[in-house]
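Each in structure tokens, the structures are laid out below.
Here chain A shows up in two complexes: once beside chain B, once beside chain C.
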Partner chain A sequence: MQFFGGSEISPSPPTLTVSGNNAHMMYVFNRNGVCLLYREWNRPLHTLNAQQDHKLMFGLLFSLKSLTAKMDPTSAERGNLGVPQLPGQGCSFHSFRTNTYKLSFMESPSGIKIILITHPKTGDLRESLKHIYNLYVEYVMKNPLYTPGTPIRSDLFNTTLDQYVRSIA
Partner chain B sequence: MIGVGKIKQYSNVLDKPLSKGKQEVSLSAFAFLFSELVQYNQTQVDNIAELERRLEDAGYAVGARVLELLCHREKGNRRETRLLGILSFVHSTVWKVLFGKVADSLEKGTEHEDEYMISEKELLVNRFISIPKDMGTFNCGAFVAGIVRGVLDGAGFPAIVTAHFVPVEGQQRPRTTILMKFAEEVLRREARLG
Partner chain C sequence: MAAICSLYIINKSGGLIYYKDYGSGGRMDTNDSLRVASLWHSMHAISQQLSPTTGCYGIELLEADTFDLHCFQSLTGTKFFVVCEPGTQQMESLLKVIYELYTDYVLKNPFYEMEMPIRCELFDINLSQVVQKDRVVLLGR
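This part shows the complex of A and B:
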């Protein structure tokens, strides 16, 4: 989208804070749309309350995934738009970028969706997201005191995650 | 079957030679199995103390068998009669076989004569487990405490063994200490043996 009138109208990308994390927020959803984890490191603007925010995010990604799979020019089969897709079916959408942030997305075969929002100059985060999924498997799935399908409340997972996200370039 | 190999089939499993077995087991497999053990016990009990007791009992069964196995394999059927002997057996041999390394440290308690402590930076069973705040002082290391109690009981050193978290400044995760409180008769026997 072109902004008329020069750069003072369009918001400039945020500068990297030296001390803070490089990422802004992170969401983890399961296949039913339950938000398992929401971490926020650097988010100046809150527009909606938490519930609506999560629902909006989940709905957005669900539709985007569906849309990108249906618009795939290389695939032969075309279901109707609106037919739900299994995880991993069709082409996989992995990120979108605006002038103020970049959203990276990864879906595991079990339907766990990991969404990471970072500054727009970030490179491809697919490997990082895979690593975060690995952390999820280790510290959340192997924890007997966690019930799958409920929000994650594990200090160990949170600390390891913070440490890892801080190290993403 | 073609090419089944030279494995001799024994009709009675007790006749099979006691092999050293596979030295390595998948950590993930163990983590999931242990996680299921804890979850199963959680459904059977109402409170934390009962859960810890059940984990300890599970560990006790393991400890009793580990003692027999190790005495046969490693020590040539020798029996430990002194307190220090059995403590160093638990601290090195048992830990090495179960967890792949010797325990971090073995200390004598300062307040009471009958207390000894084995401490570890992080128990293998607790590696992936994070205790939520509302469970208080629950420690899945109760399983390991049960193993130690089984070994000590089988060797003739009855004791009460418990696992505790000890916070350490500078470290995020607290250290774990296995506290062994020996019975009166053990100390009297030690004193008599000189």
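This part shows the complex of A and C:
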């Protein structure tokens, strides 16, 4: 794990007790914005009800994606702001950090979005998100009883995921 | 090759009051820069709502595929953000220097109206010096 300097104005964020208590929550969305999975490990503050919270999270990612596509300094052709981007199209982002949390984001070519929220001093989690996507493919997509687009209810996936997240963060 | 691509300053209600472009990718047109600024203002506010713990002040660093965006919010709600190359260091300190310039050359200017676009020659001159110096330091390493 890699640590880099935090900001001075922030009040002390939750201290790192033992490794494994570092991830706050995780979201999985499909390309239509349906929340397939929401896992919560450590979240003392709830400002909204669950449904509103998921909507707000999806909206934030959608808008940040169109923002980064528009601001991309390397390409001249950037399209219009607010036009939906296909997965893999335009400049996307992989994480952002505030003084209290770090959000890591991955989008698969089929539009599955995996969001992991951890302690702000967590390092790069891109590889870990890819591994979580592999878990999703193995335990969810290969399950013959799973209907795509419905919330994931698989205990096996949940326990494997919990174990893995405990090991990385 | 410039480390810093652009600088934005937005007032506490999300209006763009200063925009400067240093990159080679071409300047964004005025309407788009205004839209981007107010979009960033709302994303910053939403990120505070989604915090798992109390005391969140919004996004400080956004890491996109081709650039990093560093944001600094002053206590009065004015936000300064720079777009730079991925992995550029010491942007927090640069933003604080820019904030100092803003307080010295903009806020202390008796002809400047609060929350209005910044048109101060001295601010422009000093800002370009700071950015130039920063660029030299980066090239020197």
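Criterion: the second predicted complex is superposed on the first by the 156 of 169 C-alpha atoms of A that agree within 3 Å, B and C clash if a C-alpha of one lies under 4 Å from a C-alpha of the other, contacts with A are read in each partner's own complex, and residues count from 1 in each chain.
Here, a residue touches a chain if its C-beta (ideal position, glycine included) is under 8 Å from a C-beta of that chain, and two chains touch if they have at least 3 such contacts.
This is a predicted model, so every value here is computed, not measured.
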Clash or fit: chain B and chain C on chain A? fit
Partner chain(s) touched by A:157 [first = chain B, second = chain C, both, neither]: first
Given the touch rule stated above, what does A:51 touch, chain B (first), chain C (second), both, or neither? neither
Check whether A:32 is in contact with chain B, with chain C, with both or with neither, and answer first, second, both or neither. neither
Of the two partner chains, chain B (first) and chain C (second), which one does A:99 touch, if any: first, second, both, or neither? second
Which partner reaches more residues of chain A, chain B or chain C? C
Centred on chain A, what angle do chain B and chain C make, from Cα centres, as a multiple of 10°? 160
Scan A:143 for contacts with chain B and chain C and give back first, second, both or neither. first
In the overlay, chain B and chain C get no closer at Cα level (Å) than 30
Chain A residues where the chain B and chain C footprints coincide none
Which stretch or stretches of chain B touch chain A in the complex? 28, 31-32, 34-39, 42, 128-132, 135, 140, 172-173
So, in the complex, the side of chain A touching chain C is made of residues 7, 9-11, 13-14, 24-25, 42-45, 47-48, 53, 56-57, 59-60, 63-64, 66-68, 70-76, 81-82, 91-101, 103, 117
Quick one: which bits of chain A touch chain B in the complex? Just the residue numbers, please. 138-139, 142-145, 153-157, 159
Within their complex, chain C touches chain A through residues 5-6, 23-26, 28, 32, 35-36, 39-40, 42-43, 46-67, 69, 83, 92
